[in-house]
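Below, subunit A partners subunit B and then partners subunit C, in two separate complexes.
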Partner chain A sequence: MVRMAPGDPFAREQGTDPAIQAALNEKYHLDKPVVTQFFYYLGHLCTGDLGPSSKYKDKSVNEHIAENLGVSLKLGVIALFFALLLGISTGVVSAVKQNSWMDYSLMSVSLIGLSIPIFVIGPILALLFNAYQDTENISLILPGFTLALPFAARIARLARAGMLEVVHQDFVRTARSKGLPESRIVFVHVLRGSLIPVIGFLGPAIAAILTGSLVVEKIFQIPGLGRDFVESALNRDYNMVLGTVIVYGTLVIFCNLIADIAYGLLDPRVRYEQQ
Partner chain B sequence: MTDVLLQVNDFSIAYRKHGEDLGVVDHIDFHLNSGESLGLVGESGCGKSTTALGLLKLLPKNARILSGSAQFQGQDLLALNDKSLRNIRGRKIACIFQDPMSSLNPYMRIVDQLCEPMRLHLKLSKEQAVQESIKLAKQVALPEPEKSIIKFPHELSGGQRQRIMIAMALSCKPDLLIADEPSTALDVTVQKQILDLIKSLQQEMGMALLLITHDLGVVHQVCDRVAVLYAGRIVESGNCDSVLQRPRHPYTKSLMRAVPRIDGDSDESLAVIEGLPPAIGQIPQHCAFANRCPHAEDQCRDNIPPLEDINDHHQCACARYEELEHD
Partner chain C sequence: MSNSDTNQELLPPLSPGQLAWKRLKRNKLAMAGLFLVVLAHILCFLAPLFTSQSPSRLRPWVGSLAPGSESIACHEENVLRVGDQPAFNEDAIYAEEISITCSELVETEYRITAYRSGRRKGTIKQIQEKIGANNLRELNLESGEIIDVDNPKRSIGPCSLKIKDAAPPGLFADGNFVVQLKHRDPNKTKNYTVNALLKNGQFTSISKNDGSIDEIRIYGEHIDTLLFDGQTAMHYHLLGTDPEGRDLWSRILYGGRISLMVGIVATIVSLIIGVFYGAISGFQGGRTDRVMMSTVDVLYAIPFMFIVILLLVAFGRNIIILFMALGAVQWLTTARIVRGQVLTLKSREFIEAAKVNGASTWTIITRHLLPNSLGPIIVYATLTVPAVILEESFLAFLGLQVEWGSQPLDSWGYLVDAGRQAMDYQTWDQWWLLVWPALAMILTLFGLNTLGDGLRDALDPQDHGHD
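For the complex of A and B:
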């Protein structure tokens, strides 16, 4: 990913005064060939330095990201929390009440949630809850909720399908034959197996939540990393673009790793042999 | 005379498909005495599993109980509400199922699954239940009980898993054990071990056993009495010795002829029952075997023959059983 990234932005031209341009180019090593620049960058990267920002002269990319990543992460975590909470509970309810009016209406709502893009739902919710009034003290709850909706819808459908698949397996009949109450059967015996498709979806979902956050950050005027990413691309702030991409990439890899570990926790058959 | 533990009368079950009720079990009666083992035998689709699982309402959602009563210790199982039925399941009547591979929860440790019924019904603490689980594992001859029970089901063999199922079923000392083809999915050598285990534990604990199987050899090995099902009806029942040695119904007779004999002529091919049993949901309003029976007469296609007493230990549902005695 990092190798691919430098090629693209350097292909374009910046529209500034040539004298300043030359000075700047020298400062940021832009006067040297792309490959050299790339090795410069890699060298700094190894020490954890993402380089200076060309737009915000007083801050390095590190500082800038550190400042805004927190907000984005918070937003992402809130969104993930809402997505799981809403999604799993909806999925369980519709599976337990399969083919009832409740199941049909919940699944219709989730289909709507899947089909309407965030940039339509976001402003509607913002207007409904007057989120634009208080710009000083920004709450992340509503943006997080907005961001969560499409993922909640997807998770609900996965959880429902997973539940329905597990419910018809023999071991559920065994659980029933032991005299266990229905609640224990659903939450202890059925739910675990049905969450496996949801976990599989979580890796890509977290990535999508992170990248999706830029739209929500724009709508709700949140100073997060997603907004920075868009702006830095528009400003041709190469180091900034690269920095955010690297941070995003690391996060996505990390999240996928967590999802894989969660797989093993949920399904003992996936665990590696312990010697 | 021993006391009757379970008395099933006029039991009918149908599966609902495309808005139509397909009858699978057709007005059957049977009983089971305390401590006795009864084998329900029949070929695939004759309704033997449906009958047994129907007693505890463990059937899929599209199954409907059309009629009948099942008196068990002064209660009608079929009329109980869900809560009362749950108090019987696992505690008074326990089940073992056909496929031990899929009958245990793959996501839970064995010990947690073993403890569940004891904690629920006997109100044992976690430590007590774990101690009991180890005892049970020893009782069913599971190798290395302490180590085995903390494993997951996929780490055990099929026979071991079936032992776990048995241990789980017996954990609350039920009065009746329903075993739905407990040995069918296992290797032949393991089959015998499992059946011996079930039989010895049954005698040790003095519980009754309802064994569902299609294997007459298994019945002979384990059961006191046998009921032969054909297309949702009992065609012959009685003491195991009597029914298997001197079968009276033409269906049972042909079944016995179809059992391979180890001392038989190896060149001789096995007797085959010509034709097919009636399709599910199409039990005829006359003797269901009439279309395949070599002795069928017009009267056999007129009405359903009742299950009549031949003697105290043997009943048969055939209009012509007396004439055919020496056939």
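For the complex of A and C:
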């Protein structure tokens, strides 16, 4: 829960903004000293109440987040799926064919992928697939794909490096000398080892995907949480900002937990270390 | 290969730096990256040498021109006054005679009063040509441009107004209401020529339609031709202009300054934090190290852009805040790398020797440990710069453009966003506004990324492709 802390000092910082009218101040407890405000907020938070929004008067922050979180979650999951699929497959292919033209071209493409901002790719993809944007489902897949590209590039490079490290280890040589088919060696023995750096990257990646979703939601006009966050931050809608940050914080902690568990499952060394 | 090996024996031994440079030179991709990066820095930081046009002066009547177009080299408001220097552009100072032909649409101002109350439809009470003039019975504004003088953003279509008739919807609020309209008649134009003589870069005489005057103010949109000593004075727009008539080439160069500066300064900030954090953590070891490094692990998982956004919203979009915020976000990997370096170095003999000599911790870190881990630090710094540039462009894209004073600084991210909004996706109209800034940004980022990769390979050949 400590990770939510960064939100709090800004609540105090912004709570003192004089631009808000006195009447509103009273309603939102902004006339009280900042410390009192903070405890008010904590008190409500314990009961799961994120407070009223100062912009959307008809809805509370809870309702607003509940409405938009689903879209953002879906977007994030789609992006993560594409990033892993594209990234790992590219990484595996280029590691298996190390130093071939395929390896070089795939890695160059991944470098370009790292260099192109998603707000450039986004409109271009939107342009190419314009015809499909009518149906509800496609309209989230394309943004998800866009969001995935830079991470796919990162993951591809990590997976390739991980594969190359594992390929030269003894147990792979053993597997080869046993006469196992190459496909089994690659997919069972090597892939597992190569995934470790990828899983390690997942924590930061999830955080970065959230950041990216701010941009993607703006490009594709998706009514998600990221767009809300930016809007409310610009509008100084404190409760909204805090609410989204808290929800995001919880989400990130949860995802990291899952990533850590996956890490432990894949790499027994981590478990031994802890014992 | 064998040839170079034998050569190596004959030559004096190379320093690690020279060796790395040799390896880097062999990496074609990295050299291409280095070329792009150097080129971008030269073009952007020496921008005034490569463009004579202002990146920020608005010339809205020029509009967005395709790449390779020309526009008349004048400003929005051009004042010619006897005894003053011409303000068109630098070339005007060297001219001896300036002649301008202008054509201006004839403008008429109208004042219309309407009365509207309750549910009753409003009726027009009074139409006057100019304030205080006699009333008109009827006014036809079917052609030409109609501007609401008090509220220029309100659009008014062609309309015909008659006393006692209903007022057009949307134009009038409840109660007595006055609208002042400016009407530009396309059928009536006012043509005139202005001739001005200069001596030593100052106007000595100005004449309008052969009558001598002391001062004249000409709006850019009215100028048809502009001649300096009989030569047409034009701006050449290599990459076109944006909808406000600003030259895109100079906007990209000056915008690159902002982007590169943010990248470099924020990287330096992140290096200062990361290097010392990592060095202290690695050098102290033990529990300090464990606590410091698990803090880094925890911080890794936080979506930092949110915090940067909050900081920018809370403290204003000052560029200094941005440097600090982005730098404070980027130091994590540097800290890890430096710690790793320090850990391997600190058990080496020369550190022991320094300790025996009584060197302080500070001296050991700054004089012995850091210089020896410079390689990885440089590599990571090269890779941080593009990351920071990307992050800044994210922020600009989200509408959190940086400012200096209260003047917005248009970085590449902002230019790309503006281009994205201006471009028409069906017809590719105004494509240059998106394509050129994006290309500038992509090439620079690509250059920095490949250069960073190449440096990593060159400085540390065993450590291939690590993140």
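To be clear about the criterion, the second predicted complex is superposed on the first by the 243 of 275 C-alpha atoms of A that agree within 3 Å, B and C clash if a C-alpha of one lies under 4 Å from a C-alpha of the other, contacts with A are read in each partner's own complex, and residues count from 1 in each chain.
One rule holds for everything that comes next: contacts are C-beta pairs under 8 Å (C-beta built on N, C-alpha and C of every residue); 3 or more make two chains touch, one makes a residue touch a chain.
Bear in mind the structure is a predicted one, so any value in this text is a computation, not a measurement.
Q: Just from the overlay, do subunit B and subunit C fit on subunit A, or is there a clash?
A: After superposition on subunit A, subunit B vs subunit C: fit, no clash.
Q: Applying the touch criterion given at the start, work out whether A:Leu210 contacts subunit B, subunit C, both or neither, answering first, second, both or neither.
A: In the superposition, A:Leu210 contacts subunit C only.
Q: Would you check which partner chain A:Ser115 touches, where first means subunit B only, second means subunit C only, and both and neither mean what they say?
A: Second partner only.
Q: Taking the superposition on A as described, I'd like to know which of subunit B and subunit C A:Ile258 touches: first, second, both or neither.
A: neither
Q: What is the contact status of A:Asp170 with respect to subunit B (first) and subunit C (second): first, second, both, or neither?
A: The first partner, subunit B, only.
Q: Rounded to the nearest 10 degrees, how wide is the angle at the Cα centre of subunit A between the Cα centres of subunit B and subunit C?
A: So the angle at the centre of subunit A is 110 degrees.
Q: Of subunit B and subunit C, which one touches more residues of subunit A?
A: Looking at subunit A, the partner in contact with more of its residues is C.
Q: Should A:Phe201 be classified as contacting the first partner (subunit B), the second (subunit C), both, or neither?
A: second
Q: Figure out whether A:Val241 sits in contact with subunit B (first) or subunit C (second), or with both, or with neither.
A: second
Q: After the superposition on A, what does A:Arg192 contact: first (subunit B), second (subunit C), both or neither?
A: first
Q: State the minimum pairwise Cα distance, in Å, between subunit B and subunit C in the overlaid complexes.
A: Superposition on chain A places subunit B and subunit C at a least C-alpha distance of 6 Å.
Q: Which subunit A residues contact subunit B in one complex and subunit C in the other?
A: No residue of subunit A touches both subunit B and subunit C.
Q: Quick one: in the complex, what on subunit A touches subunit C?
A: 2-3, 6-7, 10, 13-14, 108, 111-112, 114-117, 119-120, 123, 126-127, 130, 154, 157-158, 160-161, 164, 197, 201, 203-204, 206-208, 210-211, 214-215, 218-219, 229-230, 233-234, 236, 241, 245, 248-249, 252-253, 256
Q: Using the touch definition from the top, list the residues of subunit A that touch subunit B in their complex.
A: So the residues of subunit A touching subunit B come out as 168-171, 173-182, 188-189, 192-193, 266-269.
Q: Write out the stretch or stretches of subunit B touching subunit A in their complex.
A: 56, 58, 60, 82, 86-91, 94-95, 97, 99, 102-108, 116-117, 120-121, 152, 154, 165, 168
Q: Which residues of subunit C touch subunit A once you look at their complex with the stated criterion?
A: 29, 298, 300-307, 309-311, 313-314, 386, 390, 393-394, 397-400, 413, 416-417, 420, 423, 425, 434, 438, 441-442, 445-446, 448-450, 453, 464-467
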